[in-house]
């Protein structure tokens, strides 16, 4: 919509609507898939944004081109009833394409899905067929932007909270009049990883060949492995190492973006109490926090 | 303090301070325990409240009996440096007793500890020695109230989020002019369990015989087992069943209190769209929620 | 319910349900009261808990005495449709009494209401008749516990966030080996006040004589006045001063409880940068925080 | 940084770092400005992100070009000690330019400031000189992006929570098989407005002529006025009306972006209880919510 500028209707008006979008956020869906001997519990939150010929509503309150956000919400449930929900990415894509197909004045549809993850409760040494315990705040994400040209598919992990108690260093940085931080050869590294990867596929046909679930599992494992085993000289370095390993392992992926807040553990000063802190006693702080990001792309 | 009323100093004053307490909350501690071949990461938040002869500060701004809350914070770190932190309950108890022992005018000390739980990251098929992933929002709790007579020890689990997709019913309840809820023989039950158990031990000597960690593991497993396997006629019934099973299994415990919000999944009405909801499509709501609690005590 | 112990039904069972309660929380109500020339917007959240003869549900899944929490929710809306909502306390009381009157096996009803506060948007120099801006996170509270003997009425303010940049001191406290906090004669005092006051009225007839709204306004003003004008030697002293002033001003009230977290502003050390902090530059921390409370009662 | 791609160092590597940025977030600052007869309390949270020649850290853990985020934090406090903080925009700009000026390898600095707003407590009929009450969750924002070419200045308001009980309609929208929402000629409109405006100034010299505080006050008032007085046919229409009025009133501004979640109040169905809902009884829901946005630019 940024390109298509809509001249304000009144001749005396001198303002233009250069971008508009609207949609429904926070559409929470639970689907139970009942098999003979076990059940699946899928829970996700859908956020939908549409762009297109909606200027009438903005400029004159003419809603004749408006798809009510309530109707978007209904659409999520109606489509979910028919959809196998095998992959989050598949459902995101089908939702986005639905809006383009159904409404000719929609030029772009963005569907962002956030999945709450459940684990089966172990009982009698095996996973229970229909009882679940939350996997915590970590989320699986799928985000699809579709227009008349094709689709852009991103998948991700959010809030993967990790910490390591050694094999993290930070030294050799700029020391000037604003620097008080000591160099450290052994610190705690703690972060909440957000990673998203862009698929190379740009059409539904290409997307159908992708094993999204396998890729998700692979990438999550790589990120955890690199975090655990990399002897880090900087959060930046660990981040890049993760991205490089992901691109090397998953050929479907074009680009990966990782964001890692540095959730600091500060050494507590025990000297006033006649003790030495043997790199053992810390206090976590939520703020301020370092925030490190990077996008790593497949080379030519 | 409720019993000891402190007459306001001025003769013209007619108000009395009938209860006072103060302390430090949100003291966040990280302790790394470094063994030869692995490391432990302990993270907890301490909340301390003291009662005692503090009226001078309230009535006249005389702080001569005041232990600064900043000093309480320091105490947490100083004691943690020496303490093995083998159990949360042990550290809570030692902190509480410290304040009673050190300050003769303290009549009661309450220490409430909330532990963030970490799991070892699996790498190469085994748990990594020093890299951890968050176990989520579930917390382990220890709460100790100590006075000159003895101690009261409570342990607990908070925010144990679970769901089951069948084996939950709700029918036979009162139907009157305020009732619109249909009876249901097969619903989703989802909740965030908070459980706390009171130990029979009332002194430090008695407490030393208790295996707090084993009891915690046992009780958590029982709660999950009952949740998964009980065919529930009411949240109330499931709750009681849990409490009864806990008391039967763990003889150290006198009483257990469980609170279970009913985190409703509402069936989405597909009929306007020409479809039937086969007990498959729901939407979760955060509010309103049923809130069910009960305390189950060992019988005579 | 604590007194009435319900023996578990099975003879082999040795656990007893010593307390039970349940209800609906988070019932959010909006009521618009439409007058000829202006409109009122009332928004509140109701939390209801009932105690009574509900053991059948806990012990055997027999729900015949269970008022569904969904019916409690309906009751809030049905009663709100008829109720003038002139005072929060009046609605809380009528809701609580409704449950006692309607269901003979209910022994105690607790209704806790939290009101979101709205201010009229000023337009053309006067308050707009039907457009509102949020008064922020501060809440007005009413909490009624009713049983067959009478009622207990508490009103309150929550999250009244205030700060003062001078006229707060803290010195003369205990200095020992756990103390590092310097004495200070001029500090920032910042807190989020929670105050609740217990009325002397114990029946609906007595309650009808009370001007709850006027009392609320008076008490809120007193608390702000004392906070602003009191030269504080301790948070404890300011708290007591507030309570005493409230009791002196409002004869309907028997007792007031105030809780004040000490939301610290820590002086930033500018010395490493060759500057002196002239008591000007601070950083706020959320944790840890001092937590001070007190209950002040009318003297004999 | 998106354009400047950094070839991975190893020849066997095939991944490229196409974007990197890092900084410190959540730097919370309190500054007290002490005048003879009154004091000012300024509280803000700074978020800083730098782009530039940092690839060494990502690719090889070489931190020689890294400005520690801890040093960025220090810089906020050191600069704040000297700065008058007359406007949020001025401080944001000076912080951003500081990083560009001090470190030649920094190519772009983004500073995002969020101000907590305080009101003076009224005592004795006038504003108290040094005691404050929080203005709630509404925030004032300044966001500056500076590079070697110039600056981009954005100011904003976040979380301006408003509601109106009439003069809002929604009808004439698309009705198809996904539509169940009834048309409505009189509904509650409630939202939390986020508005940000881009200044025309592109250099520090141009920025110096702007009265940022006056503009902020003007725009906030316009937004509230339009919200209160506009008879709305759609949230979209109200949003555009706000943007147009802002551009008409404040010539310094080039473009304004407004986002308005539609925080629904749903009519409660009283019919099962033999009553009619006279457009009076509603329940608010947090999710799902409509999310409407638009960018309005000054016409040619």
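For the reader, a short list of remarks on this structure follows.
The chains carry the letters A, B, C and D, assigned in the order they are written, with residues numbered from 1 in each.
Note that in this section contacts are C-beta pairs under 8 Å (C-beta built on N, C-alpha and C of every residue); 3 or more make two chains touch, one makes a residue touch a chain.
Remember, it's a predicted structure, so these values are computed and weren't measured experimentally.
Following the contact convention of this document, C, D is the list of chains adjacent to both subunit A and subunit B.
In terms of C-beta pairs in contact, A-D outnumbers the other of A-D and B-D.
Seen from the C-alpha centroid of subunit A, the farthest chain centroid is that of C.
Subunit A and subunit D have CA centres that are 22 Å apart.
Computed centre separation for the pair subunit C/subunit D is 31 angstrom, with centres defined by C-alpha atoms. With centres defined as mean CA coordinates, subunit D is found 38 Å away from subunit B.
For subunit B, the set of residues touching two or more other chains reads 27-28, 74, 78, 178, 180, 272-273, 285-287. Interface of subunit C with subunit A (complex): residues 177-178, 180, 272-274, 285-287.
Put simply, subunit D touches subunit A in their complex at residues 5, 7-8, 13-28, 45, 47, 49, 54, 57-75, 78, 102-103, 170-174, 176, 178-181, 232-237, 239-240, 243-244, 247-248, 255, 257, 261-262, 286-299.
By the touch criterion given at the top, residues 27-34, 39, 41, 43, 74, 77-78, 80-81, 118, 121, 123, 128, 130-138, 160-167, 188, 224-225, 227-229, 265, 268, 270, 272-273, 275, 277, 279-285 of subunit B touch subunit A in their complex.
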